[in-house]
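Chain naming follows the written order as A, B and C, and within any one chain the residues start at number 1.
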Amino acid sequence: MTDSLQQRLFEQLNEIVLIDPHTHINPHAPASSSLADILGYHYYTELAHSAGIPREKIEDPTLSPKEKVSVLVEAMSHLDNTVQLSWLFEAARELFEVDIDRLDASNWEALFDAAQAKMNQPDWEDQVLAKSRLEAVFLTNDFDDPLEGFDTSRYVPCLRTDELVFHLAKPAVRQRLAESSGIDVGSIDDITAAISQRFQYFVSRGARACAISLPPWFSPRAVDDAEAHSAWLEVAAVGESAGTEARATLGYWVFWQLAKRCSDFKLPFDLMIGVNRSVYPGGVFQGQDLYDSRVSLIQYQELFNAFADVTFPISVLASVTNQELVSYSWIFPNVVCHGHWWYSNTPSIIQRDLQARLEAVPRNKILGYYSDMYKLEFALPKFAMYKRILAKVLAEQFVITRGWSEARAVEFGVQILRGNVESIFFRN
Amino acid sequence: MTDSLQQRLFEQLNEIVLIDPHTHINPHAPASSSLADILGYHYYTELAHSAGIPREKIEDPTLSPKEKVSVLVEAMSHLDNTVQLSWLFEAARELFEVDIDRLDASNWEALFDAAQAKMNQPDWEDQVLAKSRLEAVFLTNDFDDPLEGFDTSRYVPCLRTDELVFHLAKPAVRQRLAESSGIDVGSIDDITAAISQRFQYFVSRGARACAISLPPWFSPRAVDDAEAHSAWLEVAAVGESAGTEARATLGYWVFWQLAKRCSDFKLPFDLMIGVNRSVYPGGVFQGQDLYDSRVSLIQYQELFNAFADVTFPISVLASVTNQELVSYSWIFPNVVCHGHWWYSNTPSIIQRDLQARLEAVPRNKILGYYSDMYKLEFALPKFAMYKRILAKVLAEQFVITRGWSEARAVEFGVQILRGNVESIFFRN
Amino acid sequence: MTDSLQQRLFEQLNEIVLIDPHTHINPHAPASSSLADILGYHYYTELAHSAGIPREKIEDPTLSPKEKVSVLVEAMSHLDNTVQLSWLFEAARELFEVDIDRLDASNWEALFDAAQAKMNQPDWEDQVLAKSRLEAVFLTNDFDDPLEGFDTSRYVPCLRTDELVFHLAKPAVRQRLAESSGIDVGSIDDITAAISQRFQYFVSRGARACAISLPPWFSPRAVDDAEAHSAWLEVAAVGESAGTEARATLGYWVFWQLAKRCSDFKLPFDLMIGVNRSVYPGGVFQGQDLYDSRVSLIQYQELFNAFADVTFPISVLASVTNQELVSYSWIFPNVVCHGHWWYSNTPSIIQRDLQARLEAVPRNKILGYYSDMYKLEFALPKFAMYKRILAKVLAEQFVITRGWSEARAVEFGVQILRGNVESIFFRN
């Protein structure tokens, strides 16, 4: 009975047309052009590498798309247990109409060709969006992205700010900021002005969020102008040779400026908390980052207090931080739960974290899920995974344990999946 | 079959008359006087605030009880998913005989009036205790509480000591200690004597525990008299302007004195570990505290070794500390598990933490649950929540997986719920 | 249906003959000689102590085996809920043919005698191995173990190195190293040579792994020879009076030498991460160690990068570290998950940790389980516990949720239980 109840809830949730509030889609090439774009997703290359395929072989620049797939397929027998590979199988079934549950020498070429036939259709992008029931997806745009040449109501701009906070010591970053803003960056006042210009530009082109990913040690604080000025002088003088402290101070100051602009421009500020970059420099492209799970939202106490009018949709990389996220969302009006990020985006962890959220956080403060995808084909299987878990939790915790009607459970699920995306990102 | 098994176990556990080993009941006004006392519980005001109601509106001092409820009801549609609100619904059904599962403009006045009719009955306190199957509840008494004017066998005194450890730098606290103990507090010897007097007084009036809540950074150690004396001189001279180190040193010294007195007077020392106070100063009353989950029981190593004859019932604020609590209870004879505290008092977290305790901690060292309530009406729904989860874990882990009889599972549950409260707090 | 599916999977997994990749078996006395060897296991003595039996009584050296059991039995009524005691009941049933589910004054002597009758049989060791379906078990050998007088294909040597890393300041350890290696240990070059000699010796006698347990603070790094030399001079001069820093530096340097030798000799290096020794000095023998769960695999970043050709089977003491273990195994080719260690070896924690591994780590990188036993009789019940949980997770996550056939699920389970032990430890 639970199984069929869960299935009914899933089917109803699966009807809803969604907005994906965080992706890495390139709006100029949103869909895949071959199966190599799918299997080239870092989730597969890094797992294939971990399972034993040398990086040099995976990243050989001379490989054709078909050859690249053939190399990766060698590892797939070691990965068929992973949920990551199950996304591929679901995409194959739902998008390419190929029903497989293993990928090996016997079937990969058939899949490659079937996918190619679909991808070659001129309206493939529209087909994928329609089959995935996606109306819009948020992008991850560099601060100097011109945001031109695409439909910003379908591909919603989002200002990604990691470079401004962590890499302003690089001359190239400062130069790009100067060029994109038209403001010569010679002082902290100039930086303030340039950042404001970028916010103005992004908002004028439909941006709906500012976003940043943050390392575990990050503990932002208000930095006064004198301290910022002094840090800036050091960083401007010696660039990346500047001391760790000066760079961190400048970063905190920039971060605070970003929060101020989010307040001015009424943009939510997505914080993605907990990633260490390049932990494994020998890893494949985008497969080098890991984390130290010893992080706490107490590090953001001053921020949450200082910016009561900025909404902070928060993603945590490690599940151990989820209970803090639940508690902080329960207390701070401006803190909301946001999706299940990266290493926490696997079923048993989603289920655990989701249960804790649904039972204790106000229902208008839970943003259910985002795909984090680089190519459109991944939204369908990733969201399907999430919706199955959501259906399971709604069935068990609400319909069975609390005695809710199915309609009420679905109404709650729809709010989590879609309603809160609208009320939080599109309230203006 | 599991469902009906679980239901049968619940019903048997629900027959037992209990003692609630930790509450904040005011023995002079134990039951609510209107629905505003119920909805004014910080669990509702803080969630309503988090969901969007301004603090000024919630805490407007000019509001009548009925007006206060009407303000809070505005937020309830955002909270009906929370377990906290489910407590209200269960209290409404079981205590006020109003069967609702939402609270909104259409029904709140009817609930208000129904509750009022009950609360106006002269024996309402007795009725609530009887319906809740509660025989006694532990209090949380300030060190200078006269403990007079109530039945201490029903309302069991418990010496709360946060102020002595953390706020002795406040002249008002020292003055209250002097006045209540009759000992002028001019030296560390005086403090020792005054604390002893307070223990003596509390024990003479039936106190059954000493209790304290502790921040994550707290790492108690034996402080010798010379060091304590020096810290005391600084604190006595400049009060709250004293340095962090002097205040912490004095706090550790006082804490050690408390442990010594627990040894002398054979009182269990309840440690509630992990809360940061006033993390969100803009929050509603009692809705400002949060935590840093990076805490370890290793911080209490010296304490547990030094006081082998003191029992430490330990509550942890964050679920991540639960495994340490299980392991330390498994090794240290004087460490026992105590309830599911505050942010860890939600169903999915209770279930996880409880499973880990029941499978690895000696059964005579698990204190199942306390309500932490401020008004008597909350014991029934909170304990019911716990007993349902306990029944589920007993059904799945013991009856089904281990092949225990139902009678044996119930016997175990009764020990957790009641037997250990007696053997640990009433052994003398 | 789930229940019977799970049972079928269990029965198939239970057919497989296994190799136990980590134990503390004494190959000269692998099986128990009386029930006192079973109940004398630290899991029982420490729980009995925790439940209230004084250490002096448990460890009274004048007790006969039967008297020792009679003392421990006094505590068993407090422990019958624990999974640890369930191992004893399963061993009693499967190995001694005594069907009990409590141990008390009424039945312990019958069990004692039944066990004795079995243990007195000359082929008892073989019987236990056969009933447990064990083909070989890994040992934990001191670096100066002569490794003589036993069948190293049944009892596979494993070089345990805690003493070299943490206790080289003890003259006795240095002397044993000198004597066993035949190399006078007067310089860091001598230590390098002596360690190499020990690796050579162990490998020549069939060693299949190097292993070490590590405290939470351990954060290994490459130490250059000058720094190591300087630390060595201090340690050699004053032994255990050497400063914490010199000892840690020397320890890091030795640890790095061990990793180099693992590379040279193609031995996996088992890291067992997170234990604090002697947290409770008043505890019973082997019942004094606990932990600080605030540890991160980021502490091993430099190591994993430096030794790409060494496989690190990693055990974590606290479940909170399991997600990091999953993520690091997903990214680093040389990191693999290894069993469920000590305080994390209880059912609800195994289930949670196992789910996270099976859904996200390449299947060739998961070493399912080891018993950690001191006497052969514990392999059967401990592995049975694990196999039941594995069957449950395979049933729910793979057969039901993913639609796998039962045969495919069993094939996966067999790889986890046995295949990976062969491919990781016996690849040369």
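Here is the rule we use: contacts are C-beta pairs under 8 Å (C-beta built on N, C-alpha and C of every residue); 3 or more make two chains touch, one makes a residue touch a chain.
The structure displayed is predicted, hence computed values, not measured ones.
Same or different, please, for the chain A to chain C contact, judged on whether over half of the interface numbers appear on both copies.
different
Which rotation angle, from 0 to 180°, best lines up the CA atoms of chain B with chain C, given as a multiple of 5?
In short, 120 degrees.
Calculate how many whole Å lie between the centre of chain A and the centre of chain C, each centre taken as the average of the chain's C-alpha atoms.
That pair's centroid distance is 39 Å.
Could you say which residues in chain C touch two or more other chains, in rising order?
Chain C, residues with two or more chain partners: 294, 320, 352.
Which residues of chain B touch chain C in their complex?
294, 296-298, 301, 304-305, 308, 320-321, 323-324, 326-333, 352, 355-356, 358-365, 397-398, 401-404, 412
Could you pull out which chain B residues touch chain A in their complex?
My answer: residues 46-47, 49-52, 75, 78-84, 86, 101, 276, 279-283, 287-288, 290-294, 318-320, 343-344, 346-349, 352, 388.
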